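Chain nomenclature is as follows: A, B, C and D, assigned in order of appearance, with residue numbering initiated at 1 for each chain independently.
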Amino acid sequence: MKTSYREAMREAIRDAMRRDDRVFLMGEDVGHYGGCYAVSLGLLEEFGPDRIRDTPLSESGFVGAGIGAALGGMRPIVEIMTVNFSLLALDQIVNNAASLLHMSGGQFNVPLVIRMTTGAGRQLAAQHSHSLEGWYAHIPGLRIVAPATLADARGMLWTALEDPDPVLIFEHGTLYNAQGELDDDAGPVDLDTAAGRRPGGDVSLITYGGTLPTVLEAAERLAADGIDAEVLDLRTLRPLDDDAITATVAKTHRAVVVDEGWRSGSLSAEISARITERLFYDLDAPVGRVCSAEVPIPYARHMELAALPSVDRIVAAAREAVHAGG
Amino acid sequence: MKTSYREAMREAIRDAMRRDDRVFLMGEDVGHYGGCYAVSLGLLEEFGPDRIRDTPLSESGFVGAGIGAALGGMRPIVEIMTVNFSLLALDQIVNNAASLLHMSGGQFNVPLVIRMTTGAGRQLAAQHSHSLEGWYAHIPGLRIVAPATLADARGMLWTALEDPDPVLIFEHGTLYNAQGELDDDAGPVDLDTAAGRRPGGDVSLITYGGTLPTVLEAAERLAADGIDAEVLDLRTLRPLDDDAITATVAKTHRAVVVDEGWRSGSLSAEISARITERLFYDLDAPVGRVCSAEVPIPYARHMELAALPSVDRIVAAAREAVHAGG
Amino acid sequence: MTEPVDLLRQMLRVRRLEETCVELYSAAKIRGFLHVYIGEEAVATGVSSALAADDAVVATYREHGHALLRGVSAEAILAEMYGKQEGCCRGRGGSMHLFDAATRFYGGNAIVAGGLPLAVGLALADKMQGRDRVTVCFFGEGAVAEGEFHESLNLAALWRLPVLFCCENNLYAMGTALRLVESETDIALKASAYEIPAWPVDGMDVLAVAETARRAVDAVRGGGGPHFLELRTYRFRAHSMFDPERYREKAEVARWVERDPIETLRASLALPEQEWTEMQRDVDAELQAAVAFAEAGTDEPVEELTRFVHSDRPAR
Amino acid sequence: MTEPVDLLRQMLRVRRLEETCVELYSAAKIRGFLHVYIGEEAVATGVSSALAADDAVVATYREHGHALLRGVSAEAILAEMYGKQEGCCRGRGGSMHLFDAATRFYGGNAIVAGGLPLAVGLALADKMQGRDRVTVCFFGEGAVAEGEFHESLNLAALWRLPVLFCCENNLYAMGTALRLVESETDIALKASAYEIPAWPVDGMDVLAVAETARRAVDAVRGGGGPHFLELRTYRFRAHSMFDPERYREKAEVARWVERDPIETLRASLALPEQEWTEMQRDVDAELQAAVAFAEAGTDEPVEELTRFVHSDRPAR
């Protein structure tokens, strides 16, 4: 079936709503407007305003209400329009959703799913372009996922809803229009493992989410040069699939992490540190990182592009890794 | 002069208030209560309620007001009682304070200082014990400092107030009672450089803030075993003093980073990644990390201690680094 | 309705529990922050008396009494503050984070106003599932300045959710007097601005609290949407064990102590001395047993440290 | 006071600017999100007419008109939306982030309600420094649900700060009607709950807006503390260029378009046709020049990308 990332996500929501009465979607403009990025278009008509629930502009309030509803036996999907606005709800996410189970000694789990749009690339400037999923991956108690493919967009939500604990789903804004083929019976996707997206033996390119297409393009460019890159899509950013990371780097002995987050303190730093910890004696080159420039993302197209990981920079980093040292 | 960290910080505030009319302190209970941790005790009497300004419980509101006041020509010191509560103000800190200068094309700088208490160790449990300074260090546009000594507590504030851009000062809750000698003419301290706290040649222990005393104790234990550790206090977490980090590790070829943040995505990951990037061929062992367990900090004393970096764990990590590989 | 004498007994239980906590804190058996409710007992006692067994309660870090009144045992509460695994949260929460699933006691929330959105969500779940349960949310008057207060009241009113908001107005947030932090100090009025029926209640008079709460709970349960009580009370002790109380006059405290809710009710009931003595003896016995229980408590094994970061799941 | 005919001219400038933006967006000269103010011109025009040169303005992402009225040139505004370094923010901000230090125009804030605390702080600085400047803060009615609204109003009222809050109530926040998100839809009443003097104003009548704003600004400048205007208006166009407008009826839009603030004023002034033609010609000329300026704009060198993350400081 030919479909888009947006439609795959919508199908996932529709499917979950049909399967389980306790599931509902709540957020700004999910209903009457049709969803800021049209993900929930048509769902209000199918499920009504109770279950496709428009909220006031009250991020902290409705995220907290989602936590409470989860405690009360529902399976809420809370949509935050853009990752930047999630900062308004961070107290609820960190101090409550992520902490309640542990601090109550195992009594109160929070089966909540929060979806949000992340990332740059659409000239939305500094207050709508952050990539904070790697930052969120620092918080114990949260599971962080970033579907990069149609199958993952379709399959991760149901698994997230079955998780007894909070799951945050980050959808990169540039992916919604991605078109492709999806199996008619595309099923649930686990939230534990990374996925190989391209096999190769010379260098491991490790990425996730919105930069996966860029990395795959870079891999093709490298192939043309005779460098055979393996591409690993992390999919789940917390907890990281250490086995998959270790396996690919043990094979290639060289790694470049590509991450749209700002470099300092990024997820790529964690991955780099872990690779070095586990594979220090197997590495033929230091782990490379291609991240966003450490600036609030500017509006002007050329400046925005200059700030983001690009095919050129990935190719250059991969070459450097391959030609390094030995 | 014999003094305490708390008094040094108070003297720093008093001094700044006397020097510059535009400086004022604002936050919850800074005035009539005398400061949650008694840092501002007595200042209300000296400077009056306009300049020692008690605020309502409105973290986002008064941090945002601090940003506005800075834009309006004041030099506000905003106190947030505990790092956890700063999550309520994160939108203002990230989307405004850190971004305004860049997104206005250089027009609006924000000369704001935010002070907050951070860290665990006092059995305050999950909602009062986070160590998020390393997390904040991910955000471009912010300068992040963590005074660990009396001299830094005394000297960093004035430099921070002279900075044209936002500076966040993280004060570890266990340090307030620290006693010691301070020069009578203790002066300003720069916010750019790390400080060596103990020279040594066998392994570099890199840390900051509340864990500095623990690391120094570990270094003594190691010395008794014949391992001569160099201790580097980062002091400024953003931007990192790469030269100092590189210099010590180039000398010792072995490093352990000690950081009270949660391990995954911690500042220690960034430091580890940078060391590997710069000194891959000089390293005799993978960079070690001693961080907090990835759990909301529990109340019970033995559990809290088990969660935090300890002398034992630091010593073990240093030994491992020293005995690793070659 | 709960008999007045039972209300007296409940208030006494809370008072003795808190007094015990203060003693244990001085003896360094309890650590961290400790906030006691002495002087405010009529509020939680009166409100709790109006609740059904499957109603939910969300409270603050000053919640020992609320937990006790909800049915959490003094044993489990004190063991928690001792940091023992026999505590209601295995010793992980301590004084500020009492939780109990069995009695639907949702904490023990130490972020001021952070519990309000949770209460809204709990009520939303009940409403969506067609259950006639009520969620009661306690918070101090300091919480009223937080954005989450405003967002929560609007959501509850907009969606007509079964929440009873109970503002414990003890006039101070730590050391900051209400008049120094609110442009409008009439708190019930604020709730009215969200179209929520709201009343101020004398929070030193447990009978008034119980009666008003009963009516409010009935209205909420009957589908009347959220209601709001402003309970005017006073904390007799310091904010926490670290508070030197510079911000208020001893005379002010003394004036309020004259209205001690326990003494007031005891006087008005003209309780025979012997019954009072017996009641005290019973309560003391309960607390002695609780202390003994806590003393006998054991440490959670440190190997469990990372347990419950996520739920124990069946291995896949 | 500004002459009515000048108000007409200002509204026309805003209208043409916005129409130009829409065209340029369709021509892909402007990218990202674009929110236009067509239909709402009377609000910013009337309020701006009441301000002095050194007053400050804080606005939202729907702020092109506010910037223009404040004195930012159409050239600098359009060049900004073109992403050119001749733009008022060197092309870094775009449509949602116009800033201008010279006219004290503080944005261009794209976090709903995020500008309110800034306005409070700007006013605090003025008050502490004894200056009689006023800070005007514009925001949509959608912002009223945010916690920051509540916190900001309380702070401003508590400290009696010189802020004029201007709520542009156009009945919708993106696609969500006010009545679907507020339990109490009377916005002026909400401000009153903070003891802030507040009036609803017909936001389609520029004369009414100008007159009310003048009185409010005078009161604020005179030390009367914050004031609040609820400006009842309507956006004629979609929320942004991506909005298919499913949430409202065409007939509703048409009813409001009948009250077009420009047409209304022109009719009531009985402006001679020739003057109107001249005015249009002038404004068109201004905008043509602005487009030409933007077209001739140049790209900021990418080497400057990391400049202004921190201030350029003298090397130590």
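Quick notes on this one:
Everything below uses one rule, namely that a contact is a pair of C-beta atoms (placed from the backbone, for glycine too) under 8 Å apart; a residue touches a chain by one contact, two chains touch by 3 or more.
Given the structure is predicted, the values throughout are model-derived calculations rather than measurements.
When the partners of chain C are compared with those of chain D, the chains appearing in both lists are A, B.
Annotation: 40 Å between the Cα-based centres of chain A and chain C. Separating the centre of chain B from that of chain C, both taken as means of CA atoms, is a distance of 35 Å. Counting partner chains per residue, chain D has residues 91-93, 97, 109, 111, 114, 145-148, 151, 154, 158, 181-182, 309 touching two or more of them. The residues of chain B that reach two or more other chains are 55-56, 58, 60-61, 84-85, 88, 91, 95, 102-103, 125-127, 140-141, 294-296, 298, listed in rising order.
Contact topology of the protein chains: fully connected, every pair of chains touching.
Against chain D, the residues of chain A that register as touching in their complex are 28-29, 31-34, 36, 54-61, 84-85, 88, 122-128, 293-296, 298-303, 306-307. Within the complex formed with chain B, the chain A residues making contact are 60, 84-85, 87-88, 90-91, 94-95, 98-99, 102-103, 125-127, 130, 134-135, 137-141, 238-240, 261-262, 264-270, 272-273, 276-277, 280-281, 283, 285-289, 294-296, 298, 325. Of all the residues in chain A, the ones that touch chain C in their complex are 22, 24, 50, 55-56, 58, 60-74, 76, 91-92, 95-96, 100-109, 140-141, 143, 164-165, 190, 192.
For chain D in complex with chain C, the touching residues are 145-151, 153-154, 157-158, 181-184, 189-190, 192-196. Across the complex, chain B is touched by residues 31-33, 83-84, 91-97, 109-114, 142-143, 145-147, 173-177, 180-182, 243-244, 246-247, 299-300, 302, 305-306, 309 of chain C.
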